[in-house]
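The next part holds the structures, each set out as structure tokens.
Shared between the two complexes below is chain A, which pairs with chain B and chain C, respectively.
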Partner chain A sequence: MNSVLRGILSTQFVYSILRVSTPLIFATLGALLSDVSGVINIALEGMMLMSAFWGVMVSAWTGSAWMGLLAGVVSSILLALALAYFHLNLKTDLILAGIALNIFSSGFTVSLLFMISGDKGSSASVKSYVLPRLNIPFLGKIPILGDMINNHHVLTYLAFLSVFLVQYLIYKTPLGLKMKAVGENPDAAQSVGVSVIRVKYIALILSGLMAGLGGAFLSMGYVSWFARDMTNGRGFIGLAAQALGGHSAIGGMLGALLFGFAEALSYTLQAIQLPSEITNMLPFIFTIVALIIYARSRLSKLHALR
Partner chain B sequence: MNLKRKLLLLETFRTLVTIVIALLIGYIILFFSTDEPLNAFKWFLVGPVSKTRRFVEFLNQTTPLIFTGLAVSIVFQAEIFNIGAEGQMFMGAVGATFAALHFPSVPFLHPILVMIFAMFVGGLWASVPAVMKAKWRASELVSSLMMNYIAFFLGLYIVNYYMRDLRAGYLVSYKYPKTAWLPKLIHIRYNLHIGIAIALGFAILTWFFLYRTKYGYEIRMTGFNRGFAIFSGIKVENVEMYSQIISGMIAGLAGSIEMMGLYRRFVWQVSPGYGFDGIIVALLARNNPLGVIPAALLVGYMRTGAYIMGRLSGVAPEIVKMLQSMIILLITAEAFLGFMRRKIIEKEAMRMESGGA
Partner chain C sequence: MKAVEMHNIVKIYPNGVVANRGVDFEVEEGEIHALVGENGAGKTTLMKILFGIEYPTSGEIRVFGKKVHITNPHVAISLGIGMVHQHFMLVPSLTVAENMILGMEPTKFTSIDYQRAVKMVEEAAEKYGLPVPAKEKVLDLPVGIKQRVEILKALIRGAKILILDEPTAVLTPQETGELFQALRNLAKSGMTIIFISHKLKEVKEISDRLTILRNGKNVGTFVTSEISEEEISRRMVGREVELVIERTESKPRDVVLRVENLEYTREDGVKVLNRISFSVRSGEILGVAGVEGNGQRELVEILTGLRFGAMGKVILNGENITNQPSHILRRKEMAHIPEDRVELGVALKATIAENLISDRYYKDPFCGRMVMKPQKIREFAEQAIKNFNIRADGPDSPVMMLSGGNIQKVLVAREFTSDAKLLIADQPTRGIDVGSTEFVRKKLIEAKDEGVAVLLVSADLQEILQLSDRIIVMYRGEIVGYFPKNEGLTEEELGYYMLGVRRHEESRIKEALIS
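Our next item is the complex of A and B:
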């Protein structure tokens, strides 16, 4: 027990929370951007998976991690466009279209992985590249805090930066205002000349961008390879974190950090020989408990209003 | 021909067009992924009927899909997005393993007890999102997805630490006693177990439940128009809860039948995907329990065809997932061939007008 406490109270632990939270924050922002406009993007999971796959493959072909990142993000945005087209133009049910795209991504990546590397499990045999970590001298000089926040992956910094960018976008720009208007009352928005379909398209593209960044982090930072279904529910956890944070990017970030804490804790607990099956459950149990607490408090607030 | 029958015909046509498009896309994918696309495609299309053994494999693949298709149909009829059938089935299989190994080995009674216990576990698993929804209005979508992951890890933990057969070289449970094996349906060399008969029975039972009982009526009413259901005195919170729990019980049952009939021990290392394929089955069947039977046969055929293709031509069978996703997308796309629907309705309206005047 002592070693667990020592593990949690170390700077290393905070560092690892920030690290494992990175894809969750991106997923949460992706969920937020679409939810604000009234679209539940359940395909985040598939978009992240697609991006993780193309990130590895293109970085291996071009020899450049940045090209990999670009390809990953583009593939994720393409999936977002597909979701938008099916939902907005062909009137497919949103949730089912999302599920379909998740199934598609899973099948697509495994089939292609098998074709390219002859292995269905992971891309270990493909020589791919990872994005760099950033050593920021003045951050490193801060005592204690420096160890926690310096030397992170470039996308980790981008994730936290994106939180504020997204918050700014939603609350301080005309586009954000339109997105909120479309989300809250599409008919009213349409009646004042806002193109609902266009705004939802933009929202889904931005959502795909975020998912793409989160997916690329998984295969080009978190680890340096692609593994079958490696997103492992992170897109769904992003949806849950967004539900906790409401329409606030900062609230969503706190939710993502909470689940990141659970994930980091699970690795610490694995170190003291707790079965991995048990520790792997932690983030998901955390999510269920958090959803219950959130739903209860929201319900009592509703009752208080009456 | 009246309007209703015309629209039904159109829906059937739309489904067929969807399947043809999905197959075309499948061929295109094969074209790019192998040197012998025609050969691979041939195995995919006729593989399941090319040998008795493969045909039996196809029927056994269909069995769990009927159950999960029914499970998903029930919640979808109530307009509930509980997509936790995957985890409920997994936990059902784990529960079945416990029951098979620990319940008294009385012939005939043993498998029935195992099934009941698996249904209990599946229902229990589904009750978590169900209660969360009923009591606190928490979205069942995310919670049921989370429960899938918890089921997977918890199930593996239980099997690995309490029921693992260490003599087997890989992670499996002890072999079930013979009394917990499902009998064969017919006497042939291959193991065509009675699961498919139970599944067909459940399809009829579920149809009767949904269309001929008060509870089924309440489920359909709640899904059809929630506000109206509340207005007419239906306790929709209760309906939404029990529809999920019944659905979970059927998914749990599927897990027990899979284990007792096919493997006779717990063997899953990855989640088998029947719960998610159940969504496709339910969509193809338009949530009608009797429609689930042909739908499950179709999806089971595609699955088996893909496996056979994988074994004989070296193409990853996972490509079938891409076809399945196309089927979901096109079948639920209201605007896909929507102009035909409009035309039929317009014609009917014109006819009625001229007839009425």
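Our next item is the complex of A and C:
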């Protein structure tokens, strides 16, 4: 028990929270951008997976991690465009289309993985590249805090920067205003000449961009290979974190950090020989409990409004 | 010059409904032109076509003499057309200013110049004499102000032709007065206004000319001063309509509903009901008058089991039913025509038949031991459609496809066939045409004659005066006036109590509770 406490109280623990929260923050922002516009992006999971896969493959082919990142993000956005087309042009059910894309991504990445590397489990045999960590001297000089926040992966910094960019986008820009209007009352937006379809397309593309960044982090930063279904529910946790944060990117980030904490904790607990089957459940138990608390508080708020 | 010329407009909706069958419609620049007609006559459709929300199947449109193709609202706005819709088109969580500038945001670098937006709104409000709180969220505003926001929204986009689809349906008499003043000023400054309403009195008051639609066709355009209300309604409906309903003599019997010292404090701490006491007897109609938002909604919701936490006593047929949920109350023979028919009254996607039995689907004769009896349900629905004159393809068409008045008839049909002892009718004729209004009012009188106790809540004073045997007036959550009989009572007189200017003595108000 002591070793657990020592683990949690160390700077290393905070560092690892930030690290494991990175993909969750991207997923949360992806969920937020689409949700604000009234589209629930169930396919975040598949988009992240696709990006993780193409990031590894293209970085191996080109020898450049940055090209890998670009390819990953593009693949994720393409998937977002597919979802937008199904939902907005063909008027299919959003949730079903999202689920279909998730299943497709899972199968597609595994088959290609097998064709390319001969392995159905992981891309360990493929020589791919990872994106760099940043050593920012002035951050490193801060006592204690420096150890927590310096030397992170470049995408970790980008994730936190994105939180503020997204917040700015939603609350300060004309596009953000249109997104909120479209999400809340599409008829009202339409009646003043705002194109609802266009705004939703843009929202999904941005959502795909975020998912792409999160996916690329997984295979080119968190670890240095692609493994089948390696997103492991992170897209859905992103949806949950967004629900906790409402329409605030900052709130969503806090939600993501909460789940990041649960995940980091589960690794620490594994170190003291708790079965991993149990510790792996931790983030998801957290998700469920957090959602219940959130739903209850929202219900009572709704009640007060009536 | 003619501001609008619509020629031979035909609109067939994808589901095959023909809403406009060759309508000709012309509006002169600078006039207030009323568009009237029964529910489902095609008024909204015609205006949606003019505003580019719907595209006509065939026909020609000219705006200020120029032939145009209005393919979407954007085009309409750039032609100087603005529309205030039957249902508000506002985003509740955004502020007034944000709603106003949506789609035409002033910017500073990449962000919205909110200061300038607020200033734009305040300037427009000043210029047109329509004050609005620019920085407040739309959510919290009273309907009258929301309406102003809608009008300003159109004006700020440079509208020269303003379409108002039933703008007064949700307004109080005072708000309507203010609106009319603003509209007159606008017309004086050259604005062309198209005004849709079912309230013929208002049409007479505000419009220069009017056009009557019936069954998707223009059946005449008139100078308003040259046509009487009776004549308008006759042409609308195609038969004589009794604008004034003969009230039969009431023979009240036992007390059915007894409300004693009802008090209620809302979640936000506001006390919205204070010492409310009254009773309703079998065979009488008790009218509840009042400007909207003075506690009537909460009162009705508490009585019908949609809101809980009230203090005091509600007694139905001798049984204490305070704070009981609605499904229990329905079994205790209470019927309820809610104010918001779309939200509370019907299930829009369900069929007419399903809606008609939604309070009794589990009972004989509609349900056997295990399964429903479709044949019985169908027969009942067909009968109801006939008896209540519901215009629809048949019992299986979804309620969503009906016009407002016909949705209301479905609701009325259900509540009037439920064999209730108490009927709570909340704004039963809001937004429905003269023919349907006459119909609903007659049904209320019929119900009373059959011994039902009727509680009628209405913002329409004419309706209250025409139908009620006794009247209570609510102001700020209290009963401030009680009229044991309404002979000789005028709208003006009631108005003073509604506005809180006059007030009856405590002892007289207590008489509303008859034992």
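Just so it is clear, the second predicted complex is superposed on the first by the 304 of 306 C-alpha atoms of A that agree within 3 Å, B and C clash if a C-alpha of one lies under 4 Å from a C-alpha of the other, contacts with A are read in each partner's own complex, and residues count from 1 in each chain.
Keep this in mind: contacts are C-beta pairs under 8 Å (C-beta built on N, C-alpha and C of every residue); 3 or more make two chains touch, one makes a residue touch a chain.
Remember, it's a predicted structure, so these values are computed and weren't measured experimentally.
In the superposition on chain A, A:239 makes contact with chain B only, not with chain C.
By the touch criterion defined above, A:185 reaches chain C but does not reach chain B. In the superposition on chain A, contact of A:108 is made with chain B only, not with chain C.
In the superposition on chain A, contact of A:99 is made with chain B only, not with chain C.
Judged by the touch definition given at the top, the superposed model places A:143 against neither chain B nor chain C.
In the superposed model, B is the one of chain B and chain C that contacts more residues of chain A.
Shared contact residues on chain A (touching chain B in one structure, chain C in the other): none found. Of all the residues in chain B, the ones that touch chain A in their complex are 29, 33, 81, 83, 128, 132, 136-139, 141-143, 145-147, 149-150, 153-154, 156-157, 160-161, 276, 279, 283, 315-316, 318-322, 324-326, 328-329, 332-336, 338. Interface of chain C with chain A (complex): residues 51, 53, 72-74, 77, 83, 85, 88-94, 98-99, 101-105, 107, 110-112, 153, 157, 267-268, 307. By the touch criterion given at the top, residues 40, 42, 86, 89-93, 95-97, 99-101, 103-104, 106-108, 110-111, 114-115, 120, 232-233, 236-237, 239-240, 243, 275, 277-278, 280-281, 284-285, 287-288, 291-292, 294-296, 298-299 of chain A touch chain B in their complex.
Residue ranges of chain A in contact with chain C, taken from their complex: 168, 172-174, 177-178, 180-181, 184-185, 187-194, 303-306.
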